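What follows is subunit A paired twice: with subunit B in the first complex and subunit C in the second.
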Partner chain A sequence: MTTLVRASGLSKHYGGAAALDGVDFQIEQGRIVGLIGPNGAGKTTALKALLGLTSFEGDLRVLGRDPRRERHQIMQDVCFIADVAVLPRWLRVKQTLELVQGLHPKFNRSKAESFLAKTSVKPDSKISQLSKGMVTQLHLALVMAIEARLLVLDEPTLGLDILFRKQFYSSILGDYFDENRTILVTTHQVEEIEHILTDVMFIDQGRIVLDESMDRISARFLEVAVNPDRLDAARSLGPISETDVFGRRVFLFENVGIDLVRPLGEVRTPGIADLFVAKIKEQAA
Partner chain B sequence: MSAMRMLIRRELWEHRAISLVPLAFGALFIAVNLLAALGVVKVHIDAGGLGFSEMLQSLDAHKAGALTQLGMALIAVSLNTVMLLVTVFYLLDCLYAERKDRSNLFWKSLPVSDLEVVGSKLLTAALVIPLVTLVIFTAVALCMYAITGITMLFSGTGLFLSAGPLALAEVALTHVYALAVQSLWYLPIFAWLLLVSAWSKRAVLLWAILPPVAVQAAEGLLLGTTRFAELIKERLVGVYPLAFADDSHQQLHWQYEGEHADVDLEFADGLLALVDPGSLIGSPGLWGGLMVAALFFSAAVWVRRFRDAS
Partner chain C sequence: MDPNWNDSQPIYRQLRDRVVEMILEGALGDGDALPSVRSVAAEYRLNPLTVLKGYQELVDEELVEKKRGRGMFIREGAKKKLLLGERELFIKEQWPSVVATIRRLGLDMGDLIQQAEAQLSGDDGEGEQ
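Up next, the complex of A and B:
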């Protein structure tokens, strides 16, 4: 398995405050990794460090290169769409294609054109005339036509309506992703992407609090809607959280055997959002 | 190399004023020329009571050529002034605009280095804009030559029509030289404007002007001298005396005495005779300026590279 990103002791301080506090992680090829954290947790800083957009301390290798010194070489194999990556408003759609063709050696223009043909984006339109959803479609068309190894998405669907958001991820999954591609995505709308992720990383206050594959998550964490008469038994197993959901007590267990919790009530795999809240609270406690 | 070509095309797409503004001025010159030729606009020449046709009589081929060169040089100088203003605003805008419209992250997602990007902008200012202006000048000068030459033919002299091609060639060559030395001399100013554009959060023009003014003021207060002001002044206007010969007999001298008008253009050797790069190449101002330009340029690249995008 090829490791695309390797970070060890990655730190970044703004003034005295640590945005990233000695973080270690790896991203393997062929994975879709969700980087999830509250505002100000260090998500964007981590992505920026990875893309060579900010200085940092510690060791970070992206495709074997140092993003501080070899940023533009890295960008031949890494694509990114940031929430603020508005395309230049004065460009026309066909100029945009021409431009990326001229500047990106791994761009396949006809691929982008055939993707755009399925949308309502016209080649002669100026980007300033397009709706936000259409700009995202154009950006997506560019990215999908680039033979990149790593795609970084930073809140890519922020401010889009639900139709475009669904379309965005189904295009990424259906037409783009394969075992040679790797995707790193941050978003607030965790529910929307959790079914496509292969791995999750939780980040809080500049530290990684969970880094696990989705397969292992279902083995490691169990959510149990505990029957009212088994509450004490459940608490004795050391749950990481206990919440009230429609009048039922829902417990979250970490590394507790399924045979132990099955008698307590209804067992299921927790949603990423619930797991996230529990882990962040555990961290704060 | 093809990436650099693409980056420069992008500058021309984005900053359409680069060609549109000189074109508009060129069109204006042609329009005024045309109106004058048709007699709609009266050009009044006061020649001591002499008639226009008598004045024309006093011309010979050589003088007509000199006059034509002079007219074309005036067009070149006007377009050059317009071009320099366009260049200043282009440079102030080019790195600032991508942050203002928040498209900088898109540009940074492309595999081009900051050196190439900032380099393409300096190259646009120092080379591409002058070339665009040169092409526009040539077209405008050709049109005005045709209009004036034909008008003069109807007024009784074909001298201007025949003098035109050679005069244009000479003025164009002089213009190429002037643009080249001007670009080299102004390179530190261009690079400074790039740095301001890369760095400033708002009010780019103010930030471009304020620091030099502050340095002058500080120097005046602390040392009571005006060295820096002189340096700036030399940088702004000092290139032409250095790059062109100060030849006192190259004068336009239009005499008229009584009944006899004599257009005496002691302009004998034409514009190209004024070209004299020796003292410019030997001047410390040129080489010092280039070093300062390299410094500002590196700073601009560095700022674009590491400036936090958000």
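Up next, the complex of A and C:
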């Protein structure tokens, strides 16, 4: 398996405060990795570091290169959609395609055009005339037409309506992603991407609090709606969280065998959002 | 189209069940192609590995076969095989409790068989009676 990103002891301080506090992680080729964390957790700092947009301490390799010194080479194979997608507002759509064609050696213009043909974005429209959803479609068209090995998406669907959000991920999965490509995505809308991910990383206060494949998540974590008469038995197994859902106590267990929890009540695989809340609370405790 | 996944089973398993349902309903017949992994992933916004895992279950159960470079296809006799399984399941799991009910209620077997036969011949086993 090819490792595209390898961080060890990655740190970043703003004044006295640590935005990233000695973080270790790896991203393998062909994966869709979700980086999930509350505001100010260090998500954007981590992305900036690997895109060579900020200084940092520790070791970080992207496609085997150091983003501090070899940003130019890295960006030949890495694409980025930011939440504040900035395209010059006075450009027309077709001029934008020309511009990127001139800037990026791996840009396939006809691919971008055929993608745009399926949308309502017209070649002669000015970017300032496009809706936010259409700007994202244009941005997506540009990015998908570049033969990149790593695509970095920072809150890509922020502020888009549900139709555009669905279309966005359907396009990525239908027209872009394959086993030679790798996607790193951050989002607040966890539910929206949880079925898309191969791996998930939780980040909080500059530290990685969970780094696991989705396959292993279902083995490692179990959610149980515990029957009222089994509450004490459930507590004795050391749940990482206990919440009240419509009068039923729902427990979350980590690394507790399914045979132990099955007699307690109804067993499910927890959603990423619930798991996230539990892990962040556990950190704070 | 957005399927309603439930939390009690992994999605690849639910995907497998969905295909099985379609085979039993006749929506997918022998030799029919399954939609490509990519198109299912895009349509339902699932990781392609999840879709592949669901399809692999069907391959392991010998309901679906891979044809190199062409995709996945429903195997000859898949529905028959599924029905056999379903019949076995009925006889093993449901039938004993039906018999227990018959005994509990003191029903007469002769009457029941007569009634069942009338029902079956009345609608050729298709309709709702």
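One rule holds in what follows: the second predicted complex is superposed on the first by the 285 of 285 C-alpha atoms of A that agree within 3 Å, B and C clash if a C-alpha of one lies under 4 Å from a C-alpha of the other, contacts with A are read in each partner's own complex, and residues count from 1 in each chain.
In the analysis below, a residue touches a chain if its C-beta (ideal position, glycine included) is under 8 Å from a C-beta of that chain, and two chains touch if they have at least 3 such contacts.
From a predicted model like this one, the values you see are computed outputs, not experimental measurements.
Residue by residue along subunit A, subunit B and subunit C are tallied for touches, and B comes out ahead.
Contacts of A:I32 after superposition on the shared chain: subunit C is touched, whereas subunit B is not.
In the superposed model, A:G102 lies in contact with subunit B only, and not with subunit C. Of the two partner chains placed around the shared chain by superposition, neither subunit B nor subunit C is touched by A:L163. In the superposed model, A:M1 lies in contact with neither subunit B nor subunit C. Judged by the touch definition given at the top, the superposed model places A:Q73 against subunit B, while subunit C stays out of reach.
Within the superposed three-chain model, A:L53 lies in touch with subunit B and out of touch with subunit C [touch as defined at top].
Contact with subunit B, but none with subunit C, is seen for A:V86 once the two complexes are overlaid on the shared chain. Every residue of subunit A that touches subunit B in the complex is listed here, in rising order: 44, 48, 51, 53-55, 71-73, 75-76, 79-82, 84-91, 95, 98-100, 102-105, 139.
Across the complex, subunit B meets subunit A through its residues 2-3, 5-7, 9-10, 13-14, 98, 101-103, 105-114, 116, 305-306, 308-310.
By the touch rule above, subunit C contacts subunit A in their complex via residues 5, 7-8, 10-11, 38-39, 41-50. Interface residues of subunit A, counted against subunit C in their complex, comprise 32, 166, 169-171, 173-175, 177, 192, 195-198, 214, 218, 223, 266-269, 271.
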